[in-house]
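Chain lettering (A, B, C, D, E, F, G, H, I, J, K and L) follows the sequence in which the chains are written, and residue indices restart at 1 in each chain.
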Amino acid sequence: MKILIVNGPNLNMLGLREPEIYGRKSFEEYFEGLQMEYPGVTLHYFQSNHEGDLIDKIQEANLNYQGIILNAGGYSHTSIALADAISAVETAVVEVHISNIYSREAYRKNSLTASRCDGCITGLGLKGYALAIEYFID
Amino acid sequence: MKILIVNGPNLNMLGLREPEIYGRKSFEEYFEGLQMEYPGVTLHYFQSNHEGDLIDKIQEANLNYQGIILNAGGYSHTSIALADAISAVETAVVEVHISNIYSREAYRKNSLTASRCDGCITGLGLKGYALAIEYFID
Amino acid sequence: MKILIVNGPNLNMLGLREPEIYGRKSFEEYFEGLQMEYPGVTLHYFQSNHEGDLIDKIQEANLNYQGIILNAGGYSHTSIALADAISAVETAVVEVHISNIYSREAYRKNSLTASRCDGCITGLGLKGYALAIEYFID
Amino acid sequence: MKILIVNGPNLNMLGLREPEIYGRKSFEEYFEGLQMEYPGVTLHYFQSNHEGDLIDKIQEANLNYQGIILNAGGYSHTSIALADAISAVETAVVEVHISNIYSREAYRKNSLTASRCDGCITGLGLKGYALAIEYFID
Amino acid sequence: MKILIVNGPNLNMLGLREPEIYGRKSFEEYFEGLQMEYPGVTLHYFQSNHEGDLIDKIQEANLNYQGIILNAGGYSHTSIALADAISAVETAVVEVHISNIYSREAYRKNSLTASRCDGCITGLGLKGYALAIEYFID
Amino acid sequence: MKILIVNGPNLNMLGLREPEIYGRKSFEEYFEGLQMEYPGVTLHYFQSNHEGDLIDKIQEANLNYQGIILNAGGYSHTSIALADAISAVETAVVEVHISNIYSREAYRKNSLTASRCDGCITGLGLKGYALAIEYFID
Amino acid sequence: MKILIVNGPNLNMLGLREPEIYGRKSFEEYFEGLQMEYPGVTLHYFQSNHEGDLIDKIQEANLNYQGIILNAGGYSHTSIALADAISAVETAVVEVHISNIYSREAYRKNSLTASRCDGCITGLGLKGYALAIEYFID
Amino acid sequence: MKILIVNGPNLNMLGLREPEIYGRKSFEEYFEGLQMEYPGVTLHYFQSNHEGDLIDKIQEANLNYQGIILNAGGYSHTSIALADAISAVETAVVEVHISNIYSREAYRKNSLTASRCDGCITGLGLKGYALAIEYFID
Amino acid sequence: MKILIVNGPNLNMLGLREPEIYGRKSFEEYFEGLQMEYPGVTLHYFQSNHEGDLIDKIQEANLNYQGIILNAGGYSHTSIALADAISAVETAVVEVHISNIYSREAYRKNSLTASRCDGCITGLGLKGYALAIEYFID
Amino acid sequence: MKILIVNGPNLNMLGLREPEIYGRKSFEEYFEGLQMEYPGVTLHYFQSNHEGDLIDKIQEANLNYQGIILNAGGYSHTSIALADAISAVETAVVEVHISNIYSREAYRKNSLTASRCDGCITGLGLKGYALAIEYFID
Amino acid sequence: MKILIVNGPNLNMLGLREPEIYGRKSFEEYFEGLQMEYPGVTLHYFQSNHEGDLIDKIQEANLNYQGIILNAGGYSHTSIALADAISAVETAVVEVHISNIYSREAYRKNSLTASRCDGCITGLGLKGYALAIEYFID
Amino acid sequence: MKILIVNGPNLNMLGLREPEIYGRKSFEEYFEGLQMEYPGVTLHYFQSNHEGDLIDKIQEANLNYQGIILNAGGYSHTSIALADAISAVETAVVEVHISNIYSREAYRKNSLTASRCDGCITGLGLKGYALAIEYFID
């Protein structure tokens, strides 16, 4: 089983950025643990601050992965183009948000991308990525 | 570890109700499997179509459970009273929706209750309940 | 033929409550006349001020009645949970409002429940219940 | 007793137009049956695609009919002029819609004309016209 | 000097229609008095309930009149087509409303047609027509 | 003089719930002091988390009390049904909120129930109940 | 007959201010001509940039004048306090705007004060003041 | 191949009306050139300022033409009745606007009629009609 | 104990102005009674129709009074500047409205100033001022 | 004559992506045919999923092409930056959409970029590109 | 060079008022330093809590100053009258806000007055006044 | 002291693009003058049309610069991702707009990025960049 994790803007700053919201662990550290936790799953990881790169990556992943875990950060709430990319591929996608998007600014409540995904896990911290893997395994 | 699952209106119809959206399994059947999957966790289950019953139950559960998994159904989108109950208790709450609330009617997109929970799992089917348990175990 | 009439909040006050809008006849009086008018139809009547009771009753009525006549009063405009209950049952439902919901407060114009019913009769007074029975007979 | 049925735009296409929504019977066929069903009532029928014709007809009908049954089609949702015509006449008016206006496009939910009528019957098919006659007889 | 008065829907009912808002004088009676009051001005009068007739008339009036007094009734608030007709002609147009459109239903507050006219007189009763003539004379 | 205090959802948690907003005194303790402060007034107290119970109670109280003090908590902002119950009874009702509803979440600003009451006291803590009694005495 | 003209903010700049919108004549010049035109009417004139002064003046004018002509400038669109002052006095008030408020910025379309006046003349230039006097004479 | 061009309100003023937006050529002149350009296509042309006439014409055209080119002018943005007529016929319809509706007043941005057509050509001047013919030929 | 009552626009008309809403007693009469009712409290009273005067007075009152009772009339709903003045002083402020702002025009429902006060008493008539004093004494 | 076709996000998936909306032909195949159809026109083609690339390309194309055909996909509805790029260049731009943006999700109805173009062709399939070329030739 | 600084409501409380937002320095102290910093510029300073005073002052300043620096405080967001005053004078105006109006309450985001000024400096503390002077010198 | 200037989309067209709004000087020319004006400050300059590049650059600049001057052009109004980048870095950021964003299209009024900056300078032309430097020096 192959799963691709696609992280969007500012998630490369994890651990440094607003730690009271996002915690003090970098995603790379977390990712290493994740790989050890799921030895039977091939996990790939991609991060970019560029909306276009995220779209390119999702298109590329089509049919090469059984699942995509997408945390599109701020683009989740504004990008019709990224949402269309999810509709354009056949691979199942699950959206993850580390913080609870319902309890922050009003403009974070809706997610254009989530409406095209299987579903969404929000507010459960980095654990959300592991839960998404569990979902794909299931 | 003690976890309470609180299901709201119409979830007693699961398996019968709109199976193309919600599947054909009743929650009772699913719950039995869940108990077997997590033998180390004491799982209790409560369902009501009454907003007031859900509030009573959440208040009662306060301090008696390590976690509450709440699927408040249609009340998620309209009940300030239920949201206030979540704020009023100290037990952590995770919201679960079986279907993807982002890809249905506009009035299902926001969740008043989710904003008071730790987070929310939506669209991952009945598996969402299991993932919420995983989160509490973690 | 079995038809269930389900009346929601404050309809037990009919005849006492704002008679300039709702008239001076109690529903019980009207119901007696209705039974006499349609001797070939088994008519049952249920009233509650509790949203949850209305949902319970509609679920229970499923398959036991050929038709449900629902006047959910104030809940018509706010209850997604009640609307979901209508979608969850197979029995046909017709919504009735005694007063004309289009010519009162703005928040009475939309009906969440009516959108899940076969249709709606509004503003034709208590006669609306009889017309709904005619529709089911037809 | 004299009752006038006024049908608005595209109702002359009934039976041909979107039969999955409106059915396969023309209004003329239905109207013949209706006359037979209510031999004691003088029923007249008028149809036009012109907003101004509908207004002219309603003004003309004033005091010559005991009741007007109005299905103004698409004009129901946009015509202040037609709504004002209903206010300008003393004859009672009941609005009828064949399909359920609550379960279609958002712009069909409100009815400017219904707010000036005695009431409205929506979603009960062609039967709605018969029910309106019953209401006037009553 | 030639001035055309164009009255829209339901103004033919003046004197009969909602007299507590519009008074008990028919427009024809008022118009006779107006002609006597302004002997040096050629006054023509046109009324129709048809939006298209009003547009036709305004187009026709172009260059044949020094001024048009328009009371488009309910079309004032909804007709882009009529507003475009005003822009399409070179004759100056003044809008008149008998009742005060600011103190009635919310949907009467804006006037699409007034935005294309020289200006608007509202709420000053039938006197508004005379004042518009005064304006053109000036 | 007989006055009924009706408290809605989560007010049974007073003293425990979010004490930085609502203080540390339970309503029962406060109520005892209130009875002593107004020995000439018969005070009854009712609390429920159920919208339907609040409606039942208000209907029941009709004519048996000179005044009702209502703190409907979260239902104040969403319940048309409860608001209709206030309109349906003849007993005067005063709404009380312990915290200042104007300085919290946007959805707490409007009160559907207050619009049907004599008036509303908000933000003056538990003292608000005493002031409402003063109003009824006056 | 005594009529008071009350001009609001920036109307003292008339003739200097944005002459392409408001023309090049000062109000004082225009007012002199107006007095000559209506020798039988006692005309008083007041201008202030202060919302409170306008309210004071309208209150003072109560019963001392048969009519008030009010051009409240920018306050027309925002001042509930000024609108309340118009409701609080018994003297009839007519609102005048020199430019056409329907064809400028969106926030100039509604007038809170006009809804409390007899009516409003907008877009007919300084002539609007004379027309308002004609209305009062009538 | 038979194609019908249906032009709505004020398009009979083309060449005279706001030439800086719509150009100086009348539609009749343009239409003659068009017929010469497409000798193999039978082109008919109809114009009316009446919404009802446009609906009548579209209904009539049903099955008699392979394509309808509709420029409903101001009715495009407001007429549900006209949009319903397009849905009611089987002939394919293409909407054309001479000016770019996206760069004018906000109320011209949406087109109710275009949503029922195959598509829409906007802003390409009179050439838009020729392009629509090309589309039907294709 | 020193308390300042600050009344805003049109409250000087009390007793004269719209007596069906505000009653027939002038504030001066009421104030005399109030001073007698609370002999141990130094009560000062200030009224102005000027937003700026109300701001000046509140700033001046800072630290010289234990409490301010503010009825800012129409400015309550529109004045950010007045709201900022309340935030700028340390003296506690209670807002009072004589009529029930929830049951009047929509634009009276929100209060910008109340959000900066301790709380608000609305709809309890002139008694509201006495209740505010009771609150400060407490 | 040189024309540049600029395609935005997900148009590289044409033929694979949601074929029921977009058809089964890749853009490359279509482009070859297009070049053959217009031998006298130099056609260049560029596609990117990156908003920035589209802006770069449009800036670069300035003065090097007589026309740009832009299908900005999802960016059409959200990108002020891309719209500004169109304003910043002197080359004429025509927008093309393959599907009918008026009959899909509400957020596809407006086009920020179209408002800066000469015009827009929507819903006419791949033929829309050929029609845009015809327009430039003309 | 002569520059006038006009400060609006509550800026006289600077140093005392909400120091965590506005700092602890009074404007008078700051102004003294400013005069020393720009010895070649004649700086005048005016503060008022009265909207009308600010309008009077801006009108008066017309042509007597090369620049006006305006911090209208809460009036910036609500005063069309003040905005009109800026349009009415020929002197250039720069708006200054001490705090960042974009990161506070939603109703502080828009500035009606700024839209009529040359520009606006917000969030740079008292330094904003000095920068505005630099702009005028430049 | 090191300051980075980050310019967003279309600012590379400065001097060429819409010179009536943005002037005829390229940013490069202006930048040279700026370096000479502030010899003691190390100024770096970066421009990109790519949202992702702007985010990358701001992240990179973190801790390497004492200040960032950001003109994100059209992205200012739409990019949550860019706003999050500003929150993610510790370096202070000042936003600059050359034109006055308050007096252009409605969609330019709000700035998502400015809400995360220290403040914003808008409408003061290229001088705004120099003023931002002054602010950082201070």
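Keep in mind that, in the parts below, a contact is a pair of C-beta atoms (placed from the backbone, for glycine too) under 8 Å apart; a residue touches a chain by one contact, two chains touch by 3 or more.
This structure is a prediction, so every number in the text was calculated from the model and none was measured.
Residue numbering at the chain C/chain D interface overlaps substantially, since over half of the positions present are found in both copies.
For chain pairs F-I and D-E, the one joined by more C-beta pairs in contact is F-I. Rotation angle relating chain F to chain K: 120°, from a CA superposition, given to the nearest 5. Chain D and chain G have Cα centroids separated by 47 Å. Each chain gets one centre point, the mean of its Cα atoms, and the points for chain B and chain E are 61 Å apart. One inter-chain figure worth recording: chain C and chain F are separated by 30 Å, centre to centre, where each centre is the mean of the chain's CA atoms. Residue positions of chain J touching 2 or more other chains: 50-53, 78. A complete list of chain pairs in contact reads A-B, A-J, A-L, B-C, B-F, C-D, C-F, D-E, D-H, E-G, E-H, F-I, G-I, G-K, H-J, I-K, J-L, K-L. Against chain B, the residues of chain C that register as touching in their complex are 50-53, 55-56, 59, 78-85, 87-88, 112. Listed in rising order, the residues of chain B touching chain C in the complex are 8-10, 12-13, 16-18, 48-53, 73-75, 77-78, 107-108. Of all residues in chain J, those touching chain H in their complex are 94, 100, 102-103, 109-111, 114-125, 127-128, 130-131, 134-135, 138.
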